[in-house]
Every structure is written in structure tokens, then in C-alpha cells.
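Heads up, the next two complexes both have subunit A, just with different partners, subunit B and then subunit C.
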Partner chain A sequence: MKVTVKYFGLVAEAAEKSEEVMEFDGTLTASELKAKCLNGLSITDKESIQIAVNQNLDDKTTLKDGDEVALLPPFAGG
Partner chain B sequence: MHKKKPKKVFVQGAIPPEKIAHSVANHQSKTSIGAHSIFLGQVRADEVDGKTVTAIDYTAYEEMAEKVFHDIREAAFSKFDITCAHIYHSLGKVKVGELCLFVFTSSAHRKITIEATNFFVEEIKAKVPVFGKEIFEDETHQWKVNK
Partner chain C sequence: MSRYDRQIKLKEVGPEGQEKLRNAKVLIVGVGGLGCPAAMYLVGAGVGTIGLMDHDRVDKSNLHRQILFQELDIGKPKAMVAKKRLEKQNSEVQFKVYEEPLTMENAKKIIQQYDVVLDGTDNFETKYLINDACILANKPWVFASIYKNEGQLSVFNYQNGPTYRCVFPKSTRENISCEATGVLGVLPGILGTLQAAEVLKIILGTGEVLSGKLKLINMMRGSEQIIKINKRPDEVEKIRENGIAPVYIDCDLKNAEHWYLDVREVFEQPKPKGKKVLNIPLSDLTLRYREIPNNQEVFVFCQSGKRSKNAIEILKNEFGFHNLKNVEGGIETIIDA
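This part shows the complex of A and B:
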């Protein structure tokens, strides 16, 4: 299964990339993928990172082939 | 029936003050309007550990942000009896003193527009995936978090 992972703000900075395609076997939930992606990155407050799956905030869903997952640090608009 | 089609919210760089005057002028032909309410967000020169912010570099998850802006508009139009609403948000670098957010609502009466503008601003700050890198004068930075 392949999903596209997008990184933003401080997550993109820590990961030194803004996007990657991840391939894995079996099933993963959005939050399991988040843990996998953030593992080893120097981010102090990993709890504050939200997950969007296909542009909707969601950390419970089981990922499907072709999903777009985004790791979103705290919002700072306005 | 007053609902507008989704419009592009993001503008590159600071929002020029002339845009506000121009937007007001564009509404003078809509004579059912009795009140406008405007919110302008301006980049503040915060001081952190003796260093001063000189600019904020905004990035966004644009596809999701445009959707969320649209949802906020829909919610605002069903909640408030407004004639129209316009939102503009900066992307890229905005220097201190410059404008990064422009919310403009219009209605027959003042209370509705004031409440609607406030609704837009609070929703935008809470729900839109926009990220801000606060740049200090020595080129170091920290990531802004909305309070």
C-alpha cells in the first residue's frame, strides 16, 4: 500500500522534506503512521501535531491505498 | 441566495492597505447594506528572549485551507444574515507592521456584521492549516502558535 505524506511548518523543517511516498504492508491507522513518520525527529511536542487524511482532520481512520496524509503543526493563521 | 462561490483567499505577501479602501468602494453600489465590519490582522514585533520579530513567513496546506475557508463561509452565511463576506490571508513573508489577514463582512445592520466578522476571525485562527515562521533580526526563527 502506498500513501503520500505531506509535512508542514516545523514538521517539514525537522524532517527536512515537505512530502514523501510511503509504502507498507498490512494496515495502519493515521496515528500509527504519524508515530512512524515522527519517530526520530526532534520535535518537542509531538502531541500537538494533528493529522489530516485526504484534507480532513482524522487520526482514527485506517489508511487506504492512495490516501494523502498531512502532518500539521499548531495553526498560526491571522 | 446571497451565497457566493468559493474565492481564492490567499494572497502572496502583505495585504496592501489600498485593498481595504478598494473593497469598501466596491460595495457602494450595494445599497441594501447598512454596515460593514472589518478585521485587519497586523504582524507584531514580538520580543522573545531579547530578540525582536521582524517578519512572519506564512505557509499553508493550501488545498485543505481553501476547503476550510469555504466551510467557514458556509457556516457564517447560515448563522448570520450577512450580505457578503470577503477573506484574504497572506502567504510568504509579511514584515512587522504589514497586514496578513483581512476579513470584511457587510449586512443591513451593525450587530450582525460585528458578530460575523468575529466568528470568521476566531474560526480562521482555530481551524485553518496556516503556519507562521517568526523571523528575528538575526535571521533565527521560531514557529508561531495561535493562542
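This part shows the complex of A and C:
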């Protein structure tokens, strides 16, 4: 199964990319994929990062082939 | 001819719309990179009453993006300078200046007096505070935030719609401001202007308000995306029942045996836990220096190590403290991640 993952803000920075295609066997929920993507990245507060699947905020969905996942950290600047 | 002729010509505005604008009251919390352009367009459009809230003073490093301020304003209070400038732009607008921070105590009372709140803040604590107070006062608020070249925008608590807590239920320690990361002045310019547009649509009751949607903008890539957000009724209900939820983000000190002096403002995060941590903001030191132990080593810290260095200079030169050590590199170096 293939899904596209989009990174924003400090997640994109830590991952050193803004997008990647992840391939995996079996089933994963959106939050399981998030854990996989963030694994090894130096981000202090991973819990605060929200997940959108196909442009809908949602972390419980089981992913399907071709889904687009976005990892959204909160921003504070102004 | 009315000064608003060119907008009254639009069917979305018309004379009735202009009257709605004249009767409207908008509170701008934070007159900085977002608040400055937003205020200028709202004042231009003839919003009748505008509250300008900021407890900060104009700094030289603000001038590249906070376009209401000029070189001669450096050191002056932002809210007052903004008012004086905006009055010249439109003498028909009433201004209310608040040179104090939004707090748990004053938030609901102040917000109740307005129709819409525009968030020009640069920290999570105030964003949650605005959110919670708007839920309690039943007012919509227009949110925007920036991280380097990216921005987020949404309208929260609009006609019972989703709130900030429906997107980000909990605050985070990663409180990174534009001061820390850098920003090109145009990005808050774009976002502040979009916020003003949302405020105008809300007041006029026209167009599609960006409620239930989070807009993501990447200025460098020139890309935009919209994420749909749903209401989390439990998050909203918690605030309705229990009132404003304070955002104190705890953290643990690597060595809790020492005495510590935190010279940051009270709202700055995270807050280290421990009985030997004093929080006296730099500006209060001369009033409260007696609270600081002078017979044992005290580690002085702030966010980056700069303010704490100043604090030590003051305490040493003016009050004879010789037991203070600066935490170079700021709070992140003394806490457990």
C-alpha cells in the first residue's frame, strides 16, 4: 500500500522534506503512520501534531491505498 | 460622496453593509505583524469601534513587519502608537487602547464588549485564552499563526462551529515565536490581511467564512491547502462547564536541588516544577529582589540566556548579589526534554 505524506512547519524541517511516499504492507491507522513517520525525528512534542487524511482532520481512520496524509504542528508566531 | 463609495458599490456591502461595519466592534489582540495590517484595513473599511490590545513596546526589530510603526516610535507602547497612527487614517473610527496583556481574569469581560476578536498574538497561551474566553462569551474569533514561511488561518467559534481546541486540543511546549525563528514581513502581512477579510465577511454576513476549515499557506512554495475540521463537542463543553482552562505547561528540571530564578514573563512557557524556582520577570526585579536568596548559588534563566544575563548585571550592580550564575542557552538546557 502506498500513501503520500505531507509535512508542515517544524515537522517538514525535522524530516528535511515536505512530502514523501510511504509504502507498507498490512493495515495502518493514521496515527500509527504518524508514529512511523515521526520516529527518529527530533521533535519534543509529538502529541501536539495533528493528522489530516485526504484534507480531513482525523487520526482514527485506517488508511487506504492512495490516501494523502498531512502532519500538522501548531504554529505560534504572529 | 462617501469615503466608502468604492466598497458600497459592491452588492456584498451596499449602504446596509456599511452601516453594519459602522456599528461593529472588533478587538485586535496583539498589534504586531498580524495586527498592524489587519487594523489598517479594518480602519480603512470603516469598522466603527476597534480595540487595540498590546502590552509590548515598539522594538527596532519589529519595524520590518509591523507596518504601523516608524523609527521614532521605538520604545513607545505599541497599542497607543497604533491608535495615534490609525486615528489619522480614519477619524470616524472609535478606538479603545488596552496596554495590558489578556489574562484569565480580564479576558471574558473585555471580549464580551466586542463582536469579533482578531488574534494577532505570538504565543499559544494567549491563543487558548482567546479561544476559551470566546466560547464563554459566545463570540467568533479569527485565528492566524506563523512558522517561518508558513501560515495557518481559520475562524473559530463562528455560529457554534469548531474551535481552536477542536484542532489542537492541548497546548504544546514548542512555543516558537517569529523572534526566535525569523520571518519575512510580507507573510504576517498576507495573513493579517486575510484575517481582516474574514472579519469583514463575518460583520457583513456575506460570502463564505473560513469556519470549519484550516487554511495552510506556504509563502515560499506559493501553495495553499484547506483542511476540514470537525467540532469536538467534548472539548467545547469542558470549557463551557469549567471556564477558561489555564495553560501551564510543566517541565522537569534536570537538577531540582539548586535554586533557580526565572526572569521571564509570567505567561512564558514551559514552567519548571519545583519548590526552589522563583519567577520574577525582569521588569519586576527592582521591586522584588528581596525574595532572591543571597547566601547560596542561584541559577538565573530565561528563554535564551540574554535577559537572564541582564538580570544578573542589575542584581549585581544595584543590589550587590554575588551568588548568581547565568544559564547560557536558556531554559531548554536545564530541563529534561
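Operating definition for what follows: the second predicted complex is superposed on the first by the 74 of 78 C-alpha atoms of A that agree within 3 Å, B and C clash if a C-alpha of one lies under 4 Å from a C-alpha of the other, contacts with A are read in each partner's own complex, and residues count from 1 in each chain.
Operating definition for what follows: a residue touches a chain if its C-beta (ideal position, glycine included) is under 8 Å from a C-beta of that chain, and two chains touch if they have at least 3 such contacts.
Because the structure is predicted, anything quoted here is derived from the model rather than measured.
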> Between subunit B (first) and subunit C (second), which, if any, makes contact with A:47: first, second, both or neither?
Replying inline: second
> Counting only touches as set out at the top, which of subunit B and subunit C does A:73 meet: first, second, both, neither?
Replying inline: both
> If you stack the two complexes on chain A, which partner ends up touching A:14: first (subunit B), second (subunit C), both, or neither?
Replying inline: neither
> Touch check for A:22: first (subunit B), second (subunit C), both, or neither?
Replying inline: neither
> So which one touches more of the residues on subunit A, subunit B or subunit C?
Replying inline: C
> Once the two structures are fitted together, what part of subunit A is touched by subunit B and by subunit C alike?
Replying inline: 8-10, 52, 55-56, 70, 72-78
> What does subunit A use to touch subunit B in their complex?
Replying inline: 6, 8-10, 52, 55-56, 70, 72-78
> Can you list the residues on subunit B that touch subunit A in the complex?
Replying inline: 41, 56, 58-61, 63-64, 67, 89, 100-101, 121, 124-133, 143-146
>> Taking the touch rule as given, give the residues of subunit A at its contact with subunit C in the complex, in rising order.
In response: 8-10, 13, 18, 43-45, 47-48, 50, 52, 55-57, 70, 72-78
> So in the complex, which bits of subunit C are touching subunit A?
Replying inline: 30, 32-35, 119-124, 127, 144-148, 150-152, 167-168, 170-178, 181, 183, 188, 214, 216, 218, 221, 225-230, 337
